[in-house]
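First chain written, first letter: the chains are A, B, C, D and E, and each begins at residue 1.
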């Protein structure tokens, strides 16, 4: 029973804070709510017998990614920017369609989702995961490194100021007429 | 602790091209960082890496690798060549572009390489995990490449749009994958095949999963109605990138789709999921071609035409046969040649990125810049599917497949929309040759005959960067080679396709 | 010669080529020599051929000279072959010799014209085509000549191309003729379809063999007659001939009086086997002929242009010929054709001589009293007038009388119809006498009404012009008696072989009781005399006053006659202009509608494009919504 | 020389490739080379004529190489009586084009010559291809150079005309492409052999429904090309705006690709549907004859007049084709050649005065016979050929068509024959307006006489007009066996046999089947 | 044991909320956060199914998804920074230089 109460409690937290992200107009509040929601999800992972993932969730998501978000928000000084409400059609369609989508999804999941649970414990500790990761998933794992490398390089490249390293001063004057229309 | 990684013998040979490209990208970045003086050589270096990767394709060993999650076969090699071709063309065109914009950086080519690796993973992955990883790797590289021209707002805006839509679509793909996982207990295509052989076609959850995944991949393909980003992104992206972007990711997504679809037979037909594909195809052909008429910006026009072209490719996908796979591979290769070629010309004709590349800007260029004019003309004719260009062969193959498998309605819509498409492709030719440009009028064009020396000194082939011209020559040669002698390619594609499908 | 019949048309054709290609450079002497030589050569060659023919075929059988197979395709086969038979012989003689005379005349008449070489080239060309027409052994070859003479007529009418009216008249002639040719063509198609051939002999033997449906014969005959109407200027297609007077006068004499316009008559006689089997068609021919004869004659009464009068008289006389062939008196038709060739050529050439003397003036109101100034012209003209008016024993008397007699006594039609035809013809004959003498009196008698300059220049024509006049006048005087003295009818005897015997069909040369014939001769003579007398009393002394008086007494009739009964205007209002308006409607209406419809499709596509384009708002959230809506719709539809 | 067809086909293309390397400014060299190349092609095509064996029905001088073996597509060439004269017409008219435009093309002469050489090759290809897809490739390939020719060297409204031309044609031909594929697969499912070779596709069994659909897919493409009545509106625009050379080839050869397509594909592929819908096509053709003639009559622009006259004349060709008998089809083929000669000459003539006066409005002319007598002679001869004067070529064609079609469709033929009258009306009007009457416009007083190159271009056309008119059998003889064979294929099925056997004439007399066809 | 489909429903709700946020918010970073929410919802599904099947594959998938999300976050935020440099706002509605 306790399990169920925990589930419902944290499910409620997850949903409420998720809703706050969507509804609250201050991005800082949104980011913090998202962190809360992610915490609740971490609890869900524990309930689902995946403690390692729960830890990862807290560290990677709540800890790293969301901090990055907050950092950017602060950096750009966005915390005071409340967005005005415009585009009523977009808003209306957004709410209604997503509601319809959600209802349909919930309906079908409830109707056709699996109910029978297998017996026995679900071994999903860090060790098991690690072994699998470095045995069977070695190739995707290595590829993730490229992915992250690309992301880092890209982030540097994109967020760097113009005229920073790599760009010659030539670039300040637009368009050297190297290729021009012939007379 | 005794880790035994799942690495079969010769695994390095299996992924040799990927390895070359991954390492090549890193080398280029390092080269860029440590030898900034030699930046002019990065393009050459990049092309060498790509060629090396292509050479590496020759040594790959076919078969399933990494525990049956990675397939190397004829079709993947064919597609790898396509990706490499696209990348080489893009690199060649990019050199002059980057030099002009003052952006000659190794990262650009590194991103092209890693993006190519991502596409190769999409093409070869036998597990949705690999496919999605490849897709993400590709996406990240595209985000960066599209926004590469940071100084100007449109490039950044394009990057933003692509990023938001891409991430959004990724969410859908992932959710679809999750639902399939829930149904099959695996994300492996082999497991899919086993499951779908007996699956209940009427399960709506499966349908939802399919729709979600298809829409996410549809985003990558830029099919209507998931095409919203495409025109803006193509317009805003650096022209060489746009050309590459309009071809390579689509090719990768298509091969992934073929794998997914073939793993889902026979449910995919029973559950009439193909109706969705047909609808996407029809919508794309109509919207792409109709809206392209209204465009005056060349890159936007090509973007819409790209939407339409994916519609044509999806026609072939409607029937899952080796013929259709071969048709798609031919189309993709052809499309790479002609579309990147077209974007390349646009890129080479631009004065700078801020200029909108409208039709008026190319008015009268055909006679002033004969080679570019001819190249663009041939690309346009090929895009509109007129013989004796490759575009004709490709389109013919598509329609042949459609007729053969009884998809007459879609084929007829395809033909009718092709007629529409001819109009806007021809309009480009019209502007090239039949309209006097403003520049020409002010410069007193038409005095060529009076002052022969002015043009006589200018050998038409040498008045621009040798890289871009070389790329155009490759494009044109390819277009005509496929258009006139498609047999070797057919042999290759046919054999590859037969190997792919059971 | 008999096996080289093709030489006869080729000679003048060579003249055409020589003059056409080199005439301009080589000068008048060369042109004259070539033209005369070639036409004379044709005449001589023709005569030799005729003599040889008569020797070889005393019975009047058909001689065919096959040149080569011209068209062979499927069921269609047509030879390029020339033939001689009694009918061709008659035509050949008339055409070549009259043609030669007119060539001769033209040398004098055209001496000072600009396009001398062009003129003779055309004239030679005409001669050659006319010879093809009459020597051709099949309808198809006849058609070749038929169209060829039409072309020459077009070119020669439009000879003075720098004027407005001449080319227009030429065009009109060609187009109206084409309407007739249309009938001719369809008739040939019918022959090909049902007889399998258009060879004269084959067609006529098939028809004569019996068993051919009546409707088919009637259709063929009527369609051929449509062709004849065009070429021979019968109602309703006669309108081109008066306008054709825009050409040089010798052309009018040769083409529009003596030879080409009689081609229709020749054709009907040629097809006599068909016509005799289709009495309905003959009825139409006779009626149209009679109506034309009368109708044209009434217009001739009140024209002042000397050539116009003669033109209407030609139309009228052609009407007589069609009465003749229409009532089955084919011989009479040909007889009148020949005599008409003599006297009408003489009249036209005479009028040419008058015009020549008057320095190009054609209006009779400016003439008068020319008798003494140009006596040879006057006398030849007078003889020809006697002939056309039907005074015995001049040529026209015999032929016209024979036609009218046959009209009344023909074995084909019911009596009332025969009477109708006869009375129409007789009234026309009266009118003929009247207007011809009006012409003579206005032109040659009374006071000179022209300008002083013209009077000063009045002169007789050179011998090259008067010699043909004299020869033709002589033929007009005695030709009729020589060729067709009643009951000692040379022509009838000569032509007899061309009329095949057919079961159940009246003889082609049916007998008329001598009593009836002599009575009718009397009537004809009386009619001619009365016509002459009335004209004399009115115009001999009073001249133009008589015309004015006529206009005062009967203003409506006079105005109608003057304006040719407004036929051209009526055609314009009922056919030409509505057709033109209709064409404009097709162009501006239907074409625009088609284009508009297609443009509309284009616009719709473009509009769809433009409309869809506005879904592309540039706002990434809209794209996301679009994406999501797509997902929802697909889920909704598929799940 | 067994590969004479290939030589003829590739000569112009080779010349075009060589021309690419000519300097832009060497205009005379470029034109001279183009002329030489086209003359060489003509000589090569005379070789075809020499090698051609009379009395053989099927394709001759065949060449066949695998092109795309996977799809059974072959590089297969061949010539028979139907295509022989059209090939020669093409190779004849191209040098004529170069000659006529010798002095008139100042803008981009190199591109001009290249475009025409490629066009020539493509048109030859259309007529010699004996593989359906190869045919289609050439069929489409003709469009590109023509599009450029109209669009670049055309008149004021050239863009509209060029795009209209292109879209009309491509709309039809793309649907035909679908039809081609369908046909090939029908044959494939029938026999298990995927092939596009025309002769093998003859006799493909099709369901009646499919046959009708395919018939219309093909017929639409060709009807647009011909052009048949409601689809003709591209033609006047294209002709008017095209430069003289473009008009000559467009009218002279390109329109025949449509009629040729009917003969080569529509009739033998879909005999049942042909029999069923021949009436429809004939009705459209006849409407086109009358319509084109009437509209031509009221045109103020002489090029448009000639263009509409093409609509009328091509209507005759289609009438002849769908009358489905030996005579009419032979006449139709001959008429294609005739029209190429006469209308080609007319367009050339119109071009001649346009170059001198830069107006095509009839109202601006008058009395030119005075200043340009030689030219007037040529123009009048061309006009007479077009009018169908016996002794010239036009008559033979029209006569055979009408005489033939009269046996199967007498009523429509009678209506069509009025076209003969109407042709005289509008063409004589044209002549009169341009050449006769007083010179009203002072500019016409100083117009220079026709030049050597134009005379050289016109003389062969005139000679041929006369030759065909006088000795048509030389030309007809070569096509007879092929047409017979074609008709055998068409009449193989019961329905169409019944249709042709019972002529539409009421009450055929016992004499009806009398066939005087003794050769 | 809590039934799997409860988790699935929770994840569906979260996913929907994420979608809703993407569609209705204008602040780019908020939109991106909503996308992260969607991805997390997917993760929950994976984990739920992984337990359902007693399969570790689902968990590993989540691991990779997290890596992807991290990479995306890095690049995405860089793009936003760049956007802000250009326009001094991260309101995505403002980014409409290119349209139609």
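Going forward, contacts are C-beta pairs under 8 Å (C-beta built on N, C-alpha and C of every residue); 3 or more make two chains touch, one makes a residue touch a chain.
Owing to the predicted nature of the structure, the values given are computational and were not obtained by experimental measurement.
Any chain that touches chain B and also touches chain D is listed here: C.
At the far end from chain B, in terms of centres built from Cα atoms, lies C. With centres computed as the average of Cα coordinates, no chain lies farther from chain E than C. Averaging Cα coordinates per chain and for the whole protein, the chain whose average falls nearest the overall one is D.
By count of C-beta pairs in contact, B-C exceeds the other of the chain pairs B-C and C-E. Chain A and chain D have Cα centroids separated by 68 Å.
Separating the CA-averaged centres of chain C and chain D is a span of 37 Å. The geometric centre of chain D is 65 Å away from that of chain E, both derived from CA atoms.
In terms of their C-alpha centroids, the spacing between chain A and chain C amounts to 101 Å.
Counting only residues that touch two or more partner chains, chain C has 613, 616, 618, 620-622, 624-625, 628-629, 631, 635, 639. Shared interface positions of chain A, defined as residues touching 2 or more other chains, are 87, 90, 93-94, 97-98, 101, 104-105, 108-109, 113-114, 137, 140, 144, 147, 150-151, 154, 157-158, 162. Of all residues in chain D, none touches 2 or more other chains.
Pairs of chains meeting the touch criterion are A-B, A-C, A-E, B-C, B-D, B-E, C-D, C-E.
Those residues of chain C that touch chain D in the complex are listed here as 68-77, 140, 143-144, 147-148, 151, 154, 158, 161-164, 166-168, 171, 174-175, 178-179, 181-182, 185-186, 188-190, 192-197, 202, 206, 211-213, 215-216, 579-580, 582-584, 586-587, 590-591, 594-595, 598. Residues 8, 15, 18-19, 22, 28, 31-32, 35, 38-39, 41-42, 45-46, 49, 52-53, 55, 57-58, 60-61, 64-65, 68, 71-72, 75-76, 79-80, 82-83, 86-87, 92, 95-100 of chain E touch chain B in their complex. If you check the complex, the residues on chain C that touch chain A are 621-622, 625, 628-629, 631-632, 635-636, 639.
Contact residues of chain C toward chain E in the complex are 613-614, 616-621, 624-625, 628. The residues of chain B lying in touch with chain D in their complex are 367, 381, 386-388, 392, 396, 399-400, 403-404, 408, 411-412, 415, 418-419, 422-423, 426-427, 429-430, 433-435, 446, 448-449, 452, 455-456, 486-487, 490-491, 494.
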